[in-house]
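Right after this note come the structures.
There are two complexes below, and they share subunit A, which is joined by subunit B in the first and by subunit C in the second.
Then we have the complex of A and B:
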């Protein structure tokens, strides 16, 4: 009777029955493995999916941002003069002044974004676009119901009427912030009517951004700091990697637990040598014994890895990773309702499964192999 | 002439006797195997299906807001964090 190499039903059932004989050990191993996979997968999955999300968001961000700097740091940009000097630069597309900054809100520092209704496009109908004297608060401003007023303290103080809240889908972009009419934003940030925080530009092709820097710097009569979208993205990705890397390091005890799991698997293999010796003496081949040993390990390992991954998936993607920004990015106040789909994070899933699965499989194979290659008489004598 | 059986064949041949001797034990073992396979397969399928159904939808919705508001850095970093601008040019 020929049996397929990888699947031998009687042996699998035999292995399951064998696990049932040591149910508590098997359950403990299953739980340890699942928890370990959950921890490792959480970090790797989060890193990958967030990096991918930042990549998507960076595609929508301006390709170049020009800021005026002085010896004292940042300085406001005169809009009309800047536009007049930048427009003739070949390759500089859609130059648009941005008005934004940080102010003090009743619940802490908030980002103010000034929008000019005349230049806004693709604005959803169900979200009110703030007019003068109105404020559209971000998801951190849940306490400010529409109709209430909010006081912002910047270079000047301003009391505004809350007209609505940004939807949850906007949270990853503006959470602890508020959208104002551009005139109000200028007032609270202490900018003159013809001043902006910085100038955003687009380029036809991403590679042009770097080449355009000297041309823009030459076109403007003041010292400027020019940041490309690529640079900004690299800074973001580096920071995400650094933070998740530290988190992974903080899981060092979990890695010790992994070593313990591997050692347990190894010692279980040694304890079973007598049993192996007996089966060998009864005529079982080395291949059968090795397969029995592997089936035993896989019946615990495979569901544990998958269950651990599912737990990480639920914690991160369904319904959302609200805990992540506070825990990883040190955000205080209302948690950022971060919704990710896990797109582009298959590598993280694979890496996590390999990081835990490989040492486990290696320990499983090694302990099984050691028992298989030994003389049956020795195995029986050791166990006697 | 006596027929030689391999260990696997002996295992298979002994299964009916085994089942009669310990019916509960074999039933549980079979249940464990089927359970492990079904659990693994169904969870993997659910993760795959969930990922496929949602694939990038929340990220794309946020990206549209990034374009509307013209913001360069996501709100992952708190307001006022240096990640929102180069350190030498804080507004």
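Then we have the complex of A and C:
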């Protein structure tokens, strides 16, 4: 006598033969399951890799960002006065004014970042530093080849020569952005020569960022908004989770349909019931029928999971497959330089297994159980 | 009582749509012997075989097999016991989209004790029944007699302790009946319990059957 769920080679071979007998149904199930796995894994791995990227970028971001606010919204910071008031604050390290904002480009809203060549220290050697009248476009600006000009519309209009592209490793905020000389950036954003958009600061230890807030607020004579890197990161991760979560919820009908199809294909049909009754009459136990059912399901499910996961990976990380970011996050142009950590990969697989594998296995068990509890004589009489 | 074989004790079977089919049937089908049950069409021969095979449960009465109360077994226990039964159905019940050899092998697939020799045994049985050249053909492409012999091979594979045959000679010529009787005699020689339900006079004349029963109006009587 065999144990109910142990591996049985002849039964596996028969399960494969059985699938071959119903090839069109099996193929249809395999394709739909593969597609579902692809979609779910695509979203889960994109979520994981984007979160991973956010964590990496957060390490490069300033620990604190100070912005001046008024009743009308954001207001420019006077650079000299701000620096003079912030420098004496104990613990506020490397205060640096930043010039940036959103303007209209020919292909939609873009982020402009002003760069002062005099203050740049770790610029990549193969990327030219923009001088006055020049621009470096982000990864989304594929249409703007070096040598072409680009017109930006902000508080003022500005036409610039594109001299290069930002590397893929640049911060995500520059994905659909453009880097200009700080003077050009101030012009297009409508800032005076001694004005900046915000002030970036570092702290000695991450925990100090929160503690420095009241000191910085007291040091400045205007109302300010102070954001820590941790807050910014949480906001980004929440945004990613919210978007991918809604997308995954929208797959629920597809998952339910898949489970229903598996359950229906497995148990329904007079012919199928007759066959289950016959096998029982010929000495197959309920455990044997359940195992046959599970083997059939696994022979379809396991390759479908492998194929679906591989397809999701290729769609997400293969060069040129940029549509996933556009589909999920509305990103345009070349994809972000994403990478999947081991933990993220395993987490994605685990979640995917829960989302697709659980209903699939539940449907398999349910339909298998229907075969187990059927009365063989009744099934045979139906098919006679 | 620890007799070997199939022991029916006051077996009654009623069906809601067909009334009482068997009435207090008491009989002992011994191992190492062959029994023939005859009767008119609709007399309840197939029902009796299904009861003996554990496919149906009696309305009252009991069936004991080798001293065990099979009719009282729970469904999973009865399923395991059924591995000791080889059966030929009246309607044959072959899988039409697989080959004859695969049909013959079906009972052995989940049985590790039977599987290692199953392929060789299946081929040998088909050869003996004159179906060697048709082993790869599906049942839909062979004659009724050939299908019936394939069903017999399926019942014989795994050397069952209880061999139950429902009209096994209906589509067979005299030569094939001789072959069938030889196979049944071999089963008897290995101490199997053979029960054949048939109204074929050629089987009724066979010496193999030590005991002949007649099923009339739901009652089983020993024929002289």
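Just so it is clear, the second predicted complex is superposed on the first by the 297 of 384 C-alpha atoms of A that agree within 3 Å, B and C clash if a C-alpha of one lies under 4 Å from a C-alpha of the other, contacts with A are read in each partner's own complex, and residues count from 1 in each chain.
Keep in mind that, in the parts below, contacts are C-beta pairs under 8 Å (C-beta built on N, C-alpha and C of every residue); 3 or more make two chains touch, one makes a residue touch a chain.
Keep in mind that what you see is a predicted model, and the values were worked out from it rather than measured.
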{"item": "Which of subunit B and subunit C A:143 touches, first, second, both or neither", "value": "neither"}
{"item": "First (subunit B), second (subunit C), both or neither touched by A:80", "value": "neither"}
{"item": "Of subunit C and subunit B, partner touching more subunit A residues", "value": "B"}
{"item": "Which of subunit B and subunit C A:17 touches, first, second, both or neither", "value": "both"}
{"item": "Which of subunit B and subunit C A:113 touches, first, second, both or neither", "value": "first"}
{"item": "Touched partner set for A:285, first subunit B, second subunit C, both or neither", "value": "both"}
{"item": "Partner chain in contact with A:350 - subunit B first, subunit C second, else both or neither", "value": "neither"}
{"item": "Touching partner for A:275 - first (subunit B), second (subunit C), both, neither", "value": "second"}
{"item": "Subunit B versus subunit C as contact partner of A:96, first or second or both or neither", "value": "first"}
{"item": "First, second, both or neither for A:358, with subunit B first and subunit C second", "value": "neither"}
{"item": "Residues of subunit A contacting subunit B in one complex and subunit C in the other", "value": "1, 8, 10-11, 14, 17, 279, 282-285, 288"}
{"item": "Residue numbers on subunit C that touch subunit A, as the complex places them", "value": "50, 53, 55-56, 75-76, 79-80, 82-85, 87, 89, 91, 93, 95, 97-98, 102, 106-112, 115, 154, 158"}
{"item": "Subunit C-facing residues of subunit A, complex", "value": "1-2, 8, 10-11, 14, 17, 21, 274-275, 278-288, 291-292, 376-377, 380, 383-384"}
{"item": "Contacting residues of subunit B [partner subunit A, same complex]", "value": "6-12, 15, 25-26, 28-30, 32-33, 36, 39-40, 43-44, 46-47, 50-51, 54-80, 83-86, 88-91"}
{"item": "Complex contacts: residues of subunit A adjacent to subunit B", "value": "1, 3, 8, 10-14, 16-17, 19-20, 50, 52-54, 56-62, 65, 67, 69, 73-74, 96, 98, 100-102, 108-111, 113, 115, 120-123, 138, 166, 169-177, 179, 189, 197-198, 200, 225, 227, 229, 232, 235-236, 239-240, 279, 282-285, 288, 299, 302-303, 306-307, 309-310, 313, 317-318, 325, 329-332, 336, 338-344"}
